[in-house]
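In order of appearance the chains are A, B, C and D, and numbering begins at 1 in each one.
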Amino acid sequence: MTERRMALVASPTAAAQAAAEELRGLYEWYPIERADLVIALGGDGYMLRTLHSMLDRHRILPIFGMNLGTVGFLMNEWKPELLELRVQNAKSMTVLPLRMDAVTVDGERFSIPAINEVSLLRETRETAKLEVIVDGRVVLPELVCDGVLVATPAGSTAYNLSAQGPILPLDSSLLALTPISPFRPRRWRGAILPESAKVSFTVREPDKRPVAAVADQKEVRDVAEVHITTARDHRLTLLFDPGKTLEERIFAEQFQA
Amino acid sequence: MTERRMALVASPTAAAQAAAEELRGLYEWYPIERADLVIALGGDGYMLRTLHSMLDRHRILPIFGMNLGTVGFLMNEWKPELLELRVQNAKSMTVLPLRMDAVTVDGERFSIPAINEVSLLRETRETAKLEVIVDGRVVLPELVCDGVLVATPAGSTAYNLSAQGPILPLDSSLLALTPISPFRPRRWRGAILPESAKVSFTVREPDKRPVAAVADQKEVRDVAEVHITTARDHRLTLLFDPGKTLEERIFAEQFQA
Amino acid sequence: MTERRMALVASPTAAAQAAAEELRGLYEWYPIERADLVIALGGDGYMLRTLHSMLDRHRILPIFGMNLGTVGFLMNEWKPELLELRVQNAKSMTVLPLRMDAVTVDGERFSIPAINEVSLLRETRETAKLEVIVDGRVVLPELVCDGVLVATPAGSTAYNLSAQGPILPLDSSLLALTPISPFRPRRWRGAILPESAKVSFTVREPDKRPVAAVADQKEVRDVAEVHITTARDHRLTLLFDPGKTLEERIFAEQFQA
Amino acid sequence: MTERRMALVASPTAAAQAAAEELRGLYEWYPIERADLVIALGGDGYMLRTLHSMLDRHRILPIFGMNLGTVGFLMNEWKPELLELRVQNAKSMTVLPLRMDAVTVDGERFSIPAINEVSLLRETRETAKLEVIVDGRVVLPELVCDGVLVATPAGSTAYNLSAQGPILPLDSSLLALTPISPFRPRRWRGAILPESAKVSFTVREPDKRPVAAVADQKEVRDVAEVHITTARDHRLTLLFDPGKTLEERIFAEQFQA
């Protein structure tokens, strides 16, 4: 195997910057434009931002993260030594992001990727009224709720889990559609959908009942319509030390109680 | 029993106004200042508004509602006939409202009653971070969540039920403290507290993580602190036809599935 | 305050017997017939057995337990020193047991108290079909399920919690009626009832669908009918060190997640 | 397309027998040994029995059921007319059964297929203590519970749903591992596993804590070990009218609330 050219990126936190400093002296580094893979230092939040900036630049490289943040579900253990060997032995996990296409009440359009989830939440005291459409079929003509979310398997242990949604195996090719405080239908617990599903939400009475949509960390206020599909052409690759891959972490998370 | 002087109030909807018109010709009516009880026409939303306006005016009368709205959990069946007899035979249900004392980040203070619940919900994509205090004791130093609510027994079948909280018997003298999408602690299911409990929420990082508080239908944006107590001195009296009282409806609601 | 005469009982485990040996040399002890209160050494299981034997003998004394078992929810911390002072300063918690009156398919009758809960569970692969009656009213004509239970507040953190039932404050005067795997009505989550409620289960097709009823640890096989009431005349008194009472433990349990 | 030779089987109920009588006069029928497909009349229970008898005889034919029972989730609508055309236009759904290999405390071995689920439930008042192993890995060293089940996607809307497990899309190639009243770990909600997973349960203290295992409708008492795998070589084929396939029914079930 020929050596891979590594780029280094790091969160602005003190811990991540100190770690970056240490690594800079130990290995040869390339600018990201000429690199084959990225080493990212930080927590899950920083990892998501790095993945999003790759999606934005349409140049997607495999990424090996090391945890220097508070939550490191997407990260490997921080160790400065033997990095090239670790990367060489690492297992690849593929993650397919969602694409959220949102239209606001003013007719503005946004197309934003989401690695974990797309969520909708009411902005004011007025409950959200949503029409829920799956593959062109109205599955719920009027979901009255605080909100609703669509999560990928990678995101199923995040917001989705807090909203009582199911943890999905990483390679299950499924999505979780999970309500937040459903008023009507009241006992609705959500649905598990194939990754190929196209999920749309139409906001009813959007002026009286404003709703915000969030793709991972990017928020669009006052949406009128939200369409969610899996972005099959934006395959992300995360690298993990064997035995501690994202797949295994999601599996293990299911037995944490 | 001496005859009671009735006042008539009605929701502005066409159905309620038509019903009011019909009743006006059938019975003798008094202005609310001189009445002993109130007949209210509308749905639950109108009933709550009527109760709130009585709380605001500090003149609280027994109230007999008749359902001319979509949701009539607090209402009796609409029938123009024999109203005086129905009222005479009606059962009294006592409901103790909550009082929400909220302080905004700008130091403004609000004191608002709530018959169903006081709820807090994040306003933006940033999750709420709340310190939860019960009777002066920090029970959760940091609840990371979409929101949280405190419901009375009368309100336990409303928002609280949608957030998976327990239905409380009307005379149980309890409150339900129920989280909305708890992130941390993730599996927290809420608590049942004595009605005498004083529940406080302190919003952490309120500038970065703005939170709105809602007492029934009144919203206070950007709260810094919210204190909730039972307003024992604001006892409300609702009248119901025998066999269909609020107590029996809440009881029956527990067996709807 | 005059000194109270203490009786000592201990679980047969090595740890409890060694502790009993130590205590025997330190304090004066009385036979239980002449004692004013009981010191019990063991875990929750032993505590329940001791309470049951007091209920059986119809001589009920206050009881101060010290934990020498695996689960000590009902117990105080084990310490040999200053026992008389601890007992003198202890807080009294009142617990009302249930009474289960069961009739088997053969017509045998059993009347057994339960401090934590009365539960019914199917004995074979055939699901249980139960008619559920509260205060003489059929609330569910046919509950198809694995089983169902009625728990006291003291028992609400035990089996009831595992079956997703609500934790009830110790002094709430309520009972939890909680289903186990309800098939029909499928989304039934149970009910919270006043302590005064009389709950009855009639087993349908009891020959084809045998059901066992359990009052705490005593099992009656092949029941045809089970009636559950609160035994108001069998008030039990448990003593706890201040700040660590059963009430406070149940309260705290609500914030464990 | 050449005509397919149909065999007719029917539940012993009056309704199914009358329907069979009617069909016998309308079409040509073959003994099952020479048939290409089976028409089954009855409800879901009869359908499961028919599928099981095909699995037992190792001769598996496509099966088109018509509902003449109370629950017809696996069945098409009953209509005597145009049966050959319906069968010709029907959509094939593939269902992979589980295989349960159980060993009793006496060393007896049973190997039984299950189309819906394999479940374990305690037989007496003693809670079950189970070691849970997935693919040779101990994922829960001690699950204390009433029971646990493993469901296929086809079975995910049955027992699994009553135990609060997730509904799985029919073609998701997943299994649901769902606990029944978990005592320890108390808040365990189960897991979603790939269909390729091998799930094993070892019963701890099986003499003190007897456990029964059930594969669909067949029960093995007093098991010591249960091993569950997907029987990839026993592919079952169910035929459905277009627009009302099992896949669509499971999908629709997710939006029933």
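Please note the rule applied: contacts are C-beta pairs under 8 Å (C-beta built on N, C-alpha and C of every residue); 3 or more make two chains touch, one makes a residue touch a chain.
None of these values were measured; they are calculated from a predicted model.
Participant: Supply the minimal count of touching-chain steps required to go from chain A to chain D.
Facilitator: Minimum number of steps from chain A to chain D: 1.
Participant: If you take the mean of the Cα atoms for each chain, which one ends up farthest from chain A?
Facilitator: C
Participant: Report the inter-chain centroid distance for chain B and chain C in whole angstrom, where each centroid is the mean of the CA atoms.
Facilitator: 35
Participant: Distance between chain A and chain C based on Cα centroids, please, to the nearest Å.
Facilitator: 47
Participant: Which chain A residues sit where two or more other chains touch them?
Facilitator: 182, 186-187, 257
Participant: For chain D, which residues are in contact with chain C within the complex?
Facilitator: Per the stated touch rule, the residues are 121-125, 145-147, 159, 161-164, 180-183, 186-187, 212, 214, 217-219, 257.
Participant: Which bits of chain D are touching chain A when the two form their complex?
Facilitator: My answer: residues 139-140, 166-169, 171-174, 182, 185-194, 251, 254-255, 257.
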